[in-house]
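Next come two complexes built around chain A: one with chain B, the other with chain C.
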Partner chain A sequence: MVSCMGSILEVDLTSGEIKKTKVPDEIYYNVLSGKGLGAWYCLKNIPAGADPLGPDNILGITSGALTGTGALFCGRWTVVGKSPLTGGWGDSNCGGMFAPAIKQCGVDAIFFRGVSEKPVYLYMDNRTCELRDASAYWGLDATEAEKRLTEDSQKGKKLPRVAVIGQAGENRSCIAGICNDGGRIAARSGLGGVMGSKRLKAVVLAGSLPIRSAQPERVKELSSVMGRKIKRMLVPPVSGAMLPMVGRMMGLPVSFPMDGAMSGMLLKKWGTPMNQALAVVSGDAPLKNWSGGPKDVPGANKEFNPDKILAMETAKYHCYSCPMGCGGMLDTGKVPGMEYDETHKPEYETMNQFGPLLVNNSLDSIFIINELLNRAGMDTISAGATVAFAIECFEVGILTKADTDGLELTWGNTQAIIALVKKMIAREGFGDVLADGSRIAARRIGKGSERLAMQVGGSELPAHDSKNDGHLVTHYAAEPAPGKHTVAMDLMYNAMSLCDICSWAPPAKLRNKKENLEPTETVALATAANACYTMMMDGAGGCYYGEMMGVHTFKLIEYLNAAAGWGRSGDDYMEIGKRVQTMRQLFNVKQGIDPASVKLPGRALGYPSLRSGPLKGVKAPYAKEQVSLHWKVMGWDGETGVPAPETVEALGINALLEMEVGA
Partner chain B sequence: MIRVKVFTPFGLPNKKLDERGWMELPEGATFGKAAAGLGMPGPVAKICMLRLNGEALPFNTPLKDSDVISCVVFIRGG
Partner chain C sequence: MKGKLPVFDFEPCVSCSVCVLACPFSCITLSVNGVDALKNLYPKVDASGCTGCGICEKACPMGAIRMDGNA
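What follows is the complex of A and B.
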């Protein structure tokens, strides 16, 4: 594939051996790069039963097939491996400026195996590739370590790009992520803990090799049209205070197709915090550990008005090749109790997980927690859900102050929440009980606490209620890395018009949201199509906000054909997505995960149902049937979720697994 | 003939559209003509904040094949 470098770097941290190896072109043709390349490599090379925190696990850091070609929205890198959180497939992706740096060093991915005796980091540029002593950086938070590694590694004008773990990763937390750009994080799946278990502090990349594409003029033309469109989008005259009113409209029980391009203007202005004001009243945001309605979080809309955040913004920033720029830096010098003068604009997920999910009405505390967790390199989704779990355990008497190191863990106790986050980062006292996420914490606590842990397959649920978006009933449980909203949702499907690039994707229609909670073939086709498309997007290194803009704005198929010099159809590419998704599921089966045992907690399905708000009384009684139909559309067994042998054969997976990388 | 993709307000069905939301128009048709054909003459189109390829363009703008007509919507996410 012209736009890929055609090689990977394999690093054995036990022996110190490093080798650059060629990848057969058939691999790129069949799985692209990014998550697909990672899925192929890990399925082939991680032995069954490997300890996620042991030497047999492999940690992969991958770039995308479109990254660096000039394609917009394609600056995301992906980390892959066996998740210590779920015991199955793990991946997470992240923006910033790190993704192209991988390819500029001449490889599409770096795979680490083994465990180093002492802390090390990998340094790589056009000529050098070596493991270096990281003792001086071990113990530093991710932001500080990145700063020092950048300064210490920079030779000329070229700024090295760094992916690094903080204290959470060093402490082998199962909810640790990997950070870059001073506060961005590949957070999910606990792969920062895997990196820490290998005593790999960082990856520092300073290459400058060119990245090619087959038809650069066509790539440029596609980017020019898209960039112009986004630049000209104007936000209607709506203030942040008006968003809850819009949210109430979104809470109506209707779902309909829409032009996803329109999402760009809101993200340009506010970034993802705009969703907080919409989500509390629309039913999108889980509240009070998934047990409450808007009435249970009074004042949340006023406190989390995104205009307040906008007023603190000192600079907007864009990830690599992003024309939208939803990121921003905030001046937090006047935030009481804040140790740092600035923080990245918190993402919606962070805001909700540490705000309304905990009945915490303090925006200031969100800034503090955001910076603490970004520096520690801990997933805010999992951390927030785990704190919610602990608070509810305290509220119902499962935990007392004797268990919590004296913390009064009541709903909305801001100071106790901040103190607990610090303990989790340091694995100190009660924080150690929670530092590996809610499922492991519930096992440690016992006393029937499992029912209060809002996790699926070990992965904490994010800030989108599956009762509001029925596709999530399927995705949260059926996704091989469960509990992720980023693989797909009804809203995304409505916005993307996949029916215009895929012959089997049903057109989105105006309908009652409850129809998404029914086990119908239409819903199953939609969930499968969306998941397959997202795998393709991940293989390209694409951003979900680009994806959400729809196939008429983000022309992924045209981009891939231009970059690779191919002339493949949408259906061809969707098959790549199905292949990657099937490989990820096969990885789980190989590692002993029983897909049928991965089930959503009752509250995510309306058991017990909410007593107020837009989701009052809403239930998802057919979750098992929905998942089963999704599996069947994927060509997997409807009862077990195991990919059918004929599907595996038809997708050519066995032949791909027999292929070897070559020196 | 040209084909344009249409997202009606709230996804309301419209007989001018095929199952996948495409509308056929003669070569040279304008944004305004398409809007009127959808039952949204100028004032209604303005209230619905109708956009052509994401932009608030004049209604006399000629349409091209594969253009997208849509109204402003709010999309959650994050």
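What follows is the complex of A and C.
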């Protein structure tokens, strides 16, 4: 594939051996790069039963097939491996400037196995590739370590790009992520803990090799058209205080197709914090550990008005190749109790997980926690859900102050929440109990506490209520890396026009939201199509918010054909997505995960149902049937979730697994 | 010999960093603020390192770079 480098780097941290090996072109043709390449390599090479925090696990850091070609919205890198959080497939992706740096070193991915005796980091440029002593950086938070590694590694003007773990990863936390660009984080699946278990502090990349495409002028033309559209997009001339009114409309019991440009306009102005103002009233945001309605979080819309955040913004933040800039840098010099003068704009997920989910009505505390967790390299989604679990345990008497190191863990106790986060980062006292997420914490605490852990398959649920978006009932449970909102949602499906590039994807239509909670073939086709498309996009290094702009704006199929010199159809690319998704599921089966046992907690399905708000009384009684139908559309067994042998054969997976990388 | 330097037109520029990555001498940064109300950052060239090779102009998808500045 012209736009890929055609090689990977294999690093054995036990022996110190480093090999650059070629990847057969057929692999790229069948799974692209990024998550697809990672799924192929890990399924082939991680042995069944591997300890996620042991030497047999492999940590892969991958770039995308379109990254660096000039294709817009294609600057994501993906980390892959066996998740210590779920025991199955793990992956997470992140933006910033790190993704193209992988390819500029001449490889599409770096795979680490083994465990180093002492802390090390990998340094790589056009000529050099070596493991270096990281003792001087071990113990530093991710932002500080990145800063020092950049300074210490820089030769001339070329700025090295660094992916690094903080204290959470070093402490082998199962909810640790990997950071870059001063606070961006590939947060989910606990792969920062895997990196820490290998005593690999960082990856420092300073290559400058060119990244090619088959038809560069066509790639440029596609980017030009999309870039102009986004540049001209109107910025909504409304204040953030008006967003809850829009949220009320979104909370109506109807689901409808819409232009992806709508979300683009909002993101361009406010970034994801705008969703906080929509989500409390629309029913999107889980409140009070998934047990509350808007009345339980009075004042949230006023406190979390995204205009307050805009007022602190000193500059927008664009990841590589992003024309939108949903990120931002904030001046936090005047935030009481904040140690740092600057933080990346908190994402909606962080805001809700540490705000309304905990009945915490302090925006200032969100900035503090955001920076603490970004520096520690800990997933804010899992950490917030785990704190919510602990608070509810305290409120119902499962925990007392004797258990919590004296912390009064009541709803909305801002100072106790901040103190607990610090303890989790340091694995200090009660923080150690919680540092590996809510499922493991519930096992440690016992006393029936597991019913209060809002997790699925070990992975904490994010800030989108599955009763509001029925596609999530399927995705949260059926996704091989469960509990993720970034694979697909009804909201996304409505904006994508996927039926225009995929012959079997049903058109999005105006309908009652309740129809998404019923086991119909239409919903199953939509969830499967959306998941396959996202898997394919992840192989290209694409961004979720580009995806949400729809196939007529973010022309991924045209981009891939131009970059690779192919002439493949939308259905061909959807098959790539299906192949990658099936490989990820096969990984789970190989590792002993029983897909049928991965079930959503009752509250995510309306058991017990909410007593107020837009989701009052809403139930999702057919979750098992919805998942089963989704599996069948994927060509997997409807009862067990195991990919059917004929599907595996038709996708050519066994033949791909027999292929070897060559030196 | 040094050629012309890049001149950036912020009107079509989308702050995508494609030029930042393309520059073989790492001379371009996104660092100009105050151009638009949204506070997007725009590119700036370090003239001391720029050779005027024009790779950034070729890479920019938005036609926002002209090699027209004085060295």
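Brief remarks on what is shown
One rule holds for everything that comes next: the second predicted complex is superposed on the first by the 663 of 663 C-alpha atoms of A that agree within 3 Å, B and C clash if a C-alpha of one lies under 4 Å from a C-alpha of the other, contacts with A are read in each partner's own complex, and residues count from 1 in each chain.
Simple rule for what comes next: a contact is a pair of C-beta atoms (placed from the backbone, for glycine too) under 8 Å apart; a residue touches a chain by one contact, two chains touch by 3 or more.
Small disclaimer: the values here were computed from a predicted structure and weren't measured.
Placing chain B and chain C on a common chain A by superposition gives a fit, with no clash between them. Shared-chain residue A:499: touches chain B; no touch with chain C.
Of the two partner chains placed by superposition, A:135 touches none, neither chain B nor chain C. For chain A, the partner with contacts to more residues, out of chain B and chain C, is B.
Shared-chain residue A:14: touches no atom of chain B or chain C. Contacts of A:246 after superposition on the shared chain: chain B is touched, whereas chain C is not.
In the overlay built on the shared chain, the residue A:208 is in contact with chain C alone; chain B does not reach it. Using the contact criterion defined above for the overlaid structures, shared-chain residue A:97 touches chain C, although it does not reach chain B. Of the two partner chains, chain B is the only one that A:229 touches; chain C does not reach it. After superposition on chain A, the vertex angle at the CA centre of chain A, spanning the CA centres of chain B and chain C, is 70 degrees to the nearest 10.
Minimum Cα separation between chain B and chain C in the superposed model: 15 Å.
Of the residues of chain A, those at positions 230 touch chain B in one of the two structures and chain C in the other.
Per the touch definition, chain A reaches chain B in the complex via residues 229-230, 232-234, 236, 243, 246, 249-250, 254, 256-264, 266-267, 272-276, 278-279, 282, 284, 347-349, 463, 491-492, 494-495, 497, 499-500, 507-510, 544-545, 548, 552-553. Per the touch definition, chain C reaches chain A in the complex via residues 12, 14-18, 20-22, 24-27, 30, 33, 37-41, 46, 49, 59, 61-63. Chain A contributes residues 68, 70, 72, 75, 97, 100, 104, 156-159, 208, 219-221, 223-224, 227-228, 230-231, 235, 268-269, 313-316, 318-323, 325, 328 to its touches with chain C in the complex. Within the complex formed with chain A, the chain B residues making contact are 5, 7, 10-13, 19-21, 49, 51, 53-56, 66, 68, 70-78.
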